[in-house]
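Structures follow.
Both of the next two complexes hold subunit A, though its partner changes from subunit B to subunit C.
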Partner chain A sequence: MTPVDRDEAIRALRSRRPRNRFARWTGIVLLALTAFAWTRPELELGKLFRQRTKANVTRFLGEVRPYPLQEQPWDGGVFGGWLETTLGDGVGRRAVLGTLALSVAAICLAGLIALLTCLFATRNVAHPEPFLPGASPPTRWRTYAWRVVVWATRLVYIFARAIPEWIWAFLLLTLLGLGAWPAVIALAIHNTGILGRLYAEVIENLPARTPRALRALGASRTQIATVALYPAAQGRFLLYFFYRWETCVREATVLGLLGAAGLGKEILQAGAGDRHDEIVLFVLLGSALIIAGDVVSAVARSVVRRAR
Partner chain B sequence: MSHAFELKQAAVSYNGTAAVHGIDLTIATDEAVAVVGPSGAGKTTLLRLLNGTVRSTGGHIAVLGRSLREMPPRELRGVRARIGFIHQDLSLVPNLRVIQNVLSGRVGDQGFFGSLRHVFFPPRDAVHEVHRILERVGIPEKLYERTDTLSGGQRQRVAIARALYQEPEALLADEPVSSVDPARARDTVALLTDVCRERGLALCMSLHNLDLAREFFPRLIGMRSGQIRFDQPTAKLTDGDFEALYNLERDEMLKA
Partner chain C sequence: MRHVGRRGLVILAIAGAGVWAAWYLGLGPAELWPNKNRLGNFVEFFSAAFSPAVESQGGSGQNIALQALRGTWLTVLFALAGMSLALVVGVVLGFFASSAWWTGDPASRSWRRLRRVIGPLIFGTARLVIALLRSVHEIIWATLFLAAFGLSNANAVFALALPYGGTLAKIFSEMIDEAPRSAGHALRGAGAGGAQVFFLGLLPGALPDMASYAFYRFECALRASAVLGFFGVETLGHFIKQSFKVHYYGEVWTYLYALFALVIVADLWSGALRHRTVAA
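After this line comes the complex of A and B, so read on.
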């Protein structure tokens, strides 16, 4: 084949190549939308770097410096004294532990409820004939009944997670009054919705061979679940559990801001007293807690993964 | 340089368990060798030793005349770029076109931006080269098809084409025909041995199919329990040798 012939052959193949018009147009539209969004006057880059922004930043950084040390040279002793008066009577420690307890209580509640209810949201277990057909086809009534169970459970989950945890907390605050309980229950409700949905998904996506074999030797729904489904899903259940716990630690700080408890309460009080240096200290304590939670969760998840 | 691969007392262990050990082996630059043996014998580990993708835990390994011991990463990348490897699962990108999969064979020699341009906006002679190679492996008309629309046998040809486009000095293949029917398997092994002979490449292939190994390879290496049990010209091997290779003790059978 001469190079010219080859050119000809390749050109013929190229003109016949399969093309995905949908993908092409999606790409073009996305590109156009991106260009449009970034050239809008609202997003003008100049607004990010105005003179006033710069002044604000300098002022804020000045406020952050512990008050006894403002407009004075750095002194470790003075700083230590400030730390002691701020956290001295155990305020900081109590706030951090309070936030931690809040998140652990909430995620345990959510995990337990999700674990117990997720089977009702799965189309394979919550089915008139789980995994294997019976001797005669199920009545239409039974089929519908199970379908209602699945959709009702899912609807409850959706409702629980569609409402953000801080709105739940706000509603519960009016019922339960100030304290940690509104935050715990709010986090538990929201995370039950998320974990229940994820757990049901995991159960539905497990390979059907083993449960089918158990069903074939005469096992009931609950027997299949406890002997085969839960053990097989254990690894992913724990992964999701710890992942949601991470978010719970973070949210527990935010919910405290509603006056409930923990770090959020301290941040709110420092803010009310215009003590910007203390606000920053508590925010830093909060992020330290989140980092610690992150490390614990990463270690736990990798242990679970390796044990599989 | 007359050896493509040279191993002396090479060993690999994973977490303290020896996968292969005491391997002495030389393969000449234009030789075709098949590795046979039961599952779990260490065939894949041996092949991966040869292109430096598994770290040896002992012995001496030289590839294309260069010792791999403590070779800096950049040079190791260079050595790997000169060895083609056909994986058991083919390792193609399913939603790219055939031409892009084949063009990606040469990224080992290119920088990041150079390889991007080469794969997605190839120059005319690169396209010609890919077309020529696809012609050689029998699927030139698939040049611009999406790879996941091809049949298993055709995808195998794409994997071979990618390895050839790499312009390697040696070709390694790990069970390349384990998932296709006997007729296609024979075709593929014939193609690989032919192409390597034409281009003067060393070829080392692991095979489960003894008949194909005996038909197409002048030299066979039998592995079992991480060691080489025989390394002989095919003509000198008897049925008894193969029976001994595969005749596992009961506890060995359960381990594999």
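After this line comes the complex of A and C, so read on.
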């Protein structure tokens, strides 16, 4: 191949490369918007370069050091004592376990509701003639009625997940009063929206052979679901469940900032007293909890994957 | 226990954990039982869903629809700024946290020796930084930055950028590692160097997935940006908080619907994008 031939061949290959106008325009629009965003005064980037900010940062970094050790040489014993007074008396344990319990209760509630409602969002089960269309032509209003069921369920799911956990919690804390329920329900609402959609997709994508055979034998929707659909979808359901639990742990660490239980509440209280050393300690505890949750979830997911 | 099976055990463990959590938090039906106060609040709030406010309920004559538009724009603005910074963090850290750049066929012996030492070191550090960035919630970053930098909207940008950058880095590194290696091997066989193999052989294979994932994270960033409105910036969360505190529930619903619309548009857009790039 001469160099000219090669260039020609490369040019020919290049002109035949897969191109996607939609993706390209998305990129161009987002790039332009981002460039514009960085020029906006609303970002207040200038404030970061003021003299006051620099002094503030220095002061903050000094206050992050445990209080009895501030402007003192490092001493392991003093540090241990500080840990003891800050986390002792069950404060640290309650904060961590409270956060963990919040995430577990919320994801169990969300998983349960998603499990019970996801079938209403599937086009194959929520249909006048599930899995065997054409066996007997359904009346028009029955077709429409089922379609309304599917879209209504999906709309509820979308709305539930479009509103962030934090905002649900903020609203529910006022409407329901203090306690753990509002935080649990807030986390559960958002995650029901996500799990419900994912679960419905899993059910829709299952191979149709078994449910079709069952339907031909005259099985009801409930029977098909319990015998064929849920068992076949179980593994995928569990994987999604654990993925969402990881994010639940993450969100649970902050919901306490609204007044619910857990690490967030400790951070709120330490913040109210400007005790930055304690804030950082509780933030690190939360970080450890999240990382531990990720590990537990990864182990559980690999168990689920390997079990057939 | 064979008849229960491993998955059965996992489900049992979940149920047990759920019962423990409910017991630990004291989740009883009594606290949820609709008393007069709770029911009244609920009915008042949710019935306002059918009459979102267009004009200020406080009688100031302020146009709430316009305010919602402004809040939506600022939500997009901070999500874009945070996400663009997160992408830089994600690409740089993701590169160092992928094993592709320091494993594989070495080019020369001295480089191989050097790489055997610094490779795992840089790799491990990158992984540690990613774990730290990811495991602190953006709201907590925001409160930390507020304490460190003082009041500035820029805090929200950095609060978004750090955890999102960490998450992007983690997923990017996994995608690079899982990208098909055949093109890279072919390039290596033709005498290409490490950087050439990485940028021409490995990266193009992983790029569509990376772009698609980044767009999905942008959707999440929109929601997070709205929430950061509770901490100073004037995104949708800011207005939701203000209107809710004075019980102007109609206004709250206007802002909630604005957020809903924004998320749906992003969701549809990202769905269309995935459909046309990854599936093709």
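Everything below uses one rule, namely that the second predicted complex is superposed on the first by the 245 of 308 C-alpha atoms of A that agree within 3 Å, B and C clash if a C-alpha of one lies under 4 Å from a C-alpha of the other, contacts with A are read in each partner's own complex, and residues count from 1 in each chain.
Please note the rule applied: a contact is a pair of C-beta atoms (placed from the backbone, for glycine too) under 8 Å apart; a residue touches a chain by one contact, two chains touch by 3 or more.
Small disclaimer: the values here were computed from a predicted structure and weren't measured.
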Worksheet item: Of the partners subunit B and subunit C, which touch A:R17 in the superposed model: first, second, both, neither?
Response: first
Worksheet entry | Greater subunit A contact set [subunit C / subunit B] | C
Discussion item. On the A-aligned overlay, A:R52 touches which partner chain: subunit B = first, subunit C = second, or both, or neither?
Written reply: second
Worksheet item: First (subunit B), second (subunit C), both or neither: which does A:A9 touch?
Response: first
Worksheet entry | Common ground on subunit A, meaning residues reached by subunit C in one complex and by subunit B in the other | 18
Worksheet, complete the sentence: Within their complex, subunit B touches subunit A through residues 97, 124, 127-128, 131-132, 135, 140-141, 143-146, 149
Worksheet, complete the sentence: Listed in rising order, the residues of subunit C that touch subunit A in the complex are 5-7, 10-11, 14-15, 17-18, 20-22, 24-27, 31-32, 37-38, 41-42, 45, 74, 76-78, 80-81, 83-84, 131-132, 134-137, 139-140, 143-144, 147-154, 157, 211, 215, 223-224, 226-227, 230, 233-234, 237, 240-241, 244, 252, 256, 259-260, 263-264, 267, 269, 272-273, 276-277, 280
Worksheet item: Any idea which subunit A residues touch subunit B in the complex?
Response: 1, 3, 6-7, 9-10, 13-14, 16-18
Worksheet item: What part of subunit A is in contact with subunit C in the complex they form?
Response: 18, 20, 22-23, 26-27, 30, 33-34, 37-38, 40, 42-45, 47-48, 52-53, 56-57, 60-61, 97-98, 100-102, 104-105, 108, 111, 158-159, 161-164, 166-167, 170-171, 174-177, 179-181, 184, 234-235, 238, 241, 250-251, 253-254, 257, 261, 267, 271, 274, 276, 279-280, 283, 286-288, 290-291, 294, 300, 303-304, 306-307
